[in-house]
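Attaching a single structure in structure tokens format; questions to follow.
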Amino acid sequence: MHATLEGGDAFAYIQVELAPGETIIAEADAMSSMSADLTMKARFNGLAKSLLGGESFFVNHFTNHTSGPRRLTLVQSTPGSIRQVQLQGETLCMQPGAYIASTPDVKIGTRWAGLVSGLAREGFFKLTASGTGTVWYGAYGGLLERTVEGECVVDTSHLVAYEPQLKLKIQLAGGLFSSLFGGEGFVTRIEGHGKFVIQTRSIDGLANWLNPKL
Amino acid sequence: MNRPGSAPDSFEGGAFHPQLPGGRSMGTLRITGQSIRFESPHGGMEFPLSGVQVEMGGAGHRMVFFKHAQFPGCSLFTAQKAILKHPELERDPAVVAQCKQGRRRRLLAAAGVLCLLLAIPAGLWLAKDPVAGLIARNIPVAWEEALGREVFKDITNRVKTVASPEVNAQFGRMLEPLFTAVGSKRYQFKVHIVEDLSLNAFALPGGIVVVHTGLILKADRPEEVLGVLGHELAHVTRQHGMRTLVQRVGLMVMLHSLLGGDAGSAMASGADFLLGQKFSRDHEREADDIGMDYLLRAGIDPQGLVTFFEKIQKEQAAKLGDMAEFQESLTFLSTHPGTDERIERLKKRIARELKGRSFAPAVTDFKAFQDQLRSQLGGKD
Amino acid sequence: MDITIVQGPGSAAARVMLQAGEGITTEGGAMIAMSSALHVETTTRKRDSGSIMGALKRLVTGESIFLNHYTAHGRAGEVYLAPTLPGDMLHHEIDGVPLLVQAGSYVASAPSVEMDIRWQGFGKAMFSGESAFLIELSGQGPVVLSSFGAIYPIVVEGEHIVDTGHIVAFESTLKYQVVKAGGSWITAIAGGEGLVCKFQGNGTVWCQSHNAGSFGQALGPLLKPR
Amino acid sequence: MQIHIHRNGANEGPYSPEQVRQMLAAGHLQPQDLAFHAGLASWTTLAALMGELAAATPPQAAAADNRDMEYQVECRPDFAFLTVHIPGGQTLKVEASAMATMSTNLRMKTKVRGGLSRFLTGESLFLNEFTAEGGPGEIGIAPGSPGDLEHVYLDGNTIFLQSSGFVASGMGVQVDSKWQGFKGFFSGESLFLIRCSGKGDLWFNTFGAMIPVDVTGDYVVDTGHIVAFTEGLEYEIGKLGGLKSLFFSGEGLVCRFRGEGRVWIQTRQLPSFAWWTYPFRPTKN
């Protein structure tokens, strides 16, 4: 399988070339265009992932049953950046809704994220990707990788993915006044050593920017 | 290229061939006695006429394609359907059938388009002011009020209204004669004073009138405030806001509903529009005239409208003049369309109709009212 | 005339350099900045051609009735053009094959390019997820189009599928049908793709990577009620 | 953007847009020379790239090194993200809600920005001040609007920003809003501006990408697309073109700039985007 990311940060999309016999799995409605003779089949996604992980009830399996390479273009529903991750046995944690596509050997699951996370509207569960293969995830905005040594603070709506050994705690941004009027609300405190990925814009931020002007 | 009068035998067209750069080339199609030939800077191709397949294809079946069993993977095409009229092709019964089918398809499409287009002139009519007025008059007053409330809510989200019952009652008394003179059966007027030091007042559809504290505090006489309000009330009773709204969105609504779009979107964006709206010059003039009628009927000296008009103009000029870097924009204000002309018009009418007529002062305790309002603002001016 | 697309694909703008005597026709509202040396004229039709019918037809496509003509009289000048939504722009030279463009995607064209409106047919109007009318650009010369999302070309040889709502423009040598996605109705509906557009023939179709409607549905619930 | 040049049968570079611009000006490169950069399908002439070069050239290149605080901007131009390194004991003013990441030693304090003009400009009434305590700290800032970000260093000069353009500034920068235009009784459209003066770093942002235009003489910009401009430029708000254009061009109001200075324009504008969201918004009840 040969896949390239195009469209920059603004409108990233995945150009996939499937060799004969290969399959790629993608969330529902991710297909933008494809060769007419690729086989597309909808499969049930599993209750846990769809109800708890913020994903669609069905995923599409695209398989190349022809004898030549075939082309497929996949996108996420919002503008924004996409990252491609090669997994070799390790696990990656993602915020609900970030998953776009994966190769068949990658296992997508859900994990309890904590009560506070749920109350902060970040979802009670998080998504995990594990196994061997490629997974694509994305979010609104650009994606930046950051390293934490010790601890740091991230606005809750900006965290997209992180390594499983990192500990997350949700807390107020400042005092009560600042949290209410400073617009920051809840923040996530990340503790440990490892990498995490943030989105440089959030749909919530966009809505907050637009709402006073509507 | 094409000879007028006789059937042309050369047509703009193209060819698809795997060996052409990009798989495609544009050039000329030529029909000779035995063959159809394609010529282009990238090379040529020739199909024998016997055995050539002619078919309509491409988007909307508007293009003529030529294929030949001896040349798999290749095709010639042209958008000029006149090629089917070529005597060499017209002999082929398959071509004649293709022509007929194409004609039927085009007729059907044309009929559909025509039906839709017939509705358009009707739509353009809507843009006419009298028609908009007719529609506006038939809009239930409840709708207008709802719209006005919506916009007012938007305002109160941003600025504070003066809550003091005494101030509001006193202001209400001051405006009472004007409201009586307007004598509208359709509208219940409600006045709100808003804490804003700019010289401004406006009336919303449905009868909500908003007056900025700046307007009251900077007036020398109550007649000045009443003059501006007479003008604004005329906007309400003449439904200028609704009429402009209907004119602007009427066409959109019709088209959207025609094409199954979201008609509501056009209509409900009215709130934003009303706050930032700009009345036509005719509407402003009409509001000036009718506003003055109201003032005269109420026995209020219309000179106030004129002097306040001039005051606003001067105030703005002075305010902007203070800022050195904004001096250039004075041109923008002073050339504001028709302001001078409107003042002139009002003055002329006063000179013509009111020679020697005297007016009783509107209220006696205007200064006291201003002081009371000022005290409500906590002394900040 | 020199056309450069800058800042694509996120918030592209087209910079059009006009030499003395040159002009360009644009959709109303597309200008964001320009040299003051350019002369602007607003009409309901393409310069030197067309009729009021053209304006009416453009109206039904949801485009503006009015077109602006920017002309460099005597001295060269530039004009920047941009669409309203975030997204990419495409500069394409029409070389004789008419181009069919989604209504709403047209931004500008050279005076040598002819413009007409084509009705898609009831079936496609209802189900293609695209506008009921297409704009046909023919003749010779540059055109500028826009879309929500990045624009990528697909050279079709045979058949290709494009999801509904992702077509920007295609060459008129291609024809397309609306068909269900996947082999069965279950896949079409459960897989979220529903109906798709199937292109047949030879030619290029330009797709937009993203669909404005999907983005609107993601953003909408967070916005102030209307 | 890294630009490769092909001329006299050989490849050169890559060069930055600024270098290419200078080499063109000096005559070392010719407009007909071939050029290529990532994202292009094929080689093209430098002449065809000119517009992109102008847009990609960092504004105020000479003064670009001037800064009080170290910073970097990533994900330009569509979702620009600003990271500022705040030296120990120093404070940075940041637009409310814009903080995305920060070191734990940054203390946040919310300040009310005064004046009725805040209501008029539609800007948030609050500003956050981030102070680095006990050592340097780092803050990542993501403005709400999708778009680009620009840094200018003020040294006694003044810049006018559109009302929602402010992102962050050092404490030495005075930010006050200037009211412009008049609405209501006299009817018309308004253009709200923030005036930034003093000494220090200033960051502002756009909706859509940013194109800096160096005005020498005369330039016309749609009022909705103005991001910022330098003091000293004369400007006048008016309509575009003749009588018919006045009503039907769909261009709204334009601003005519005159003199010498820089105008930053944005490639998208808010009102049409806000209009577009309408059908997707929830209905009341």
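Order as written gives the chain letters A, B, C and D; numbering starts at 1 within each chain.
Assume a residue touches a chain if its C-beta (ideal position, glycine included) is under 8 Å from a C-beta of that chain, and two chains touch if they have at least 3 such contacts.
Everything numeric in this text was worked out from a predicted model, so none of it was measured.
Colleague: Quick one: which chains contact chain A and chain D both?
Modeller: C
Colleague: By the contact definition above, name the pair with the higher C-beta contact count: B-C or A-C.
Modeller: Top pair by contacting C-beta pairs is A-C.
Colleague: If you average the CA atoms of chain B and of chain D, how many Å lie between those two points?
Modeller: Their C-alpha centroids are separated by 30 Å.
Colleague: Report the inter-chain centroid distance for chain A and chain B in whole angstrom, where each centroid is the mean of the CA atoms.
Modeller: 42
Colleague: Which integer distance in Å separates the CA centroid of chain B from that of chain C?
Modeller: That gives a centre separation of 23 Å.
Colleague: Measuring from the mean C-alpha position of chain A to the mean C-alpha position of chain C, what distance in angstrom results?
Modeller: The computed centroid separation for chain A versus chain C comes out at 31 Å.
Colleague: Which chain A residues touch at least two other chains?
Modeller: In chain A, residues 8-10, 79, 206, 210, 214 touch at least two other chains, as defined above.
Colleague: Would you give the residues of chain B that are in contact with at least 2 other chains, written as numbers and ranges?
Modeller: Residues 268 of chain B each touch two or more of the other chains.
Colleague: Which chain D residues touch at least two other chains?
Modeller: Residue numbers touching two or more other chains: 78-79, 146, 273, 275, 277-279, 281.
Colleague: Which of the residues in chain D end up touching chain C in this complex?
Modeller: 47-52, 54-56, 77-79, 146-147, 208-209, 211, 213, 217-222, 225, 240-242, 244-245, 248-252, 256, 263, 265-269, 272-273, 275-284
Colleague: Enumerate the contact residues on chain C facing chain B in the complex.
Modeller: On the chain C side, the touching residues are 53, 56-57, 59-60, 62, 95-98, 100, 117-122, 132, 134, 138, 155, 157, 170, 172-176, 201-203, 226.
Colleague: Of all residues in chain B, which touch chain C in the complex?
Modeller: Where chain B meets chain C, its residues are 12-14, 16, 22-24, 26, 57-63, 75, 77, 79, 109, 112-113, 116-117, 120-121, 255, 258-259, 261, 268.
Colleague: Using the touch definition from the top, list the residues of chain C that touch chain D in their complex.
Modeller: Chain C reaches chain D through residues 2, 4, 6-7, 10-13, 15, 17, 27-29, 31-37, 39-43, 64-66, 68, 78, 80, 82, 84-86, 212, 216-217, 219-221, 223-226.
Colleague: For the complex, give me every residue of chain D touching chain A.
Modeller: 74-75, 78-81, 96-104, 106-110, 112, 122, 124-126, 128, 140, 142-146, 164, 270, 273-274, 277, 281
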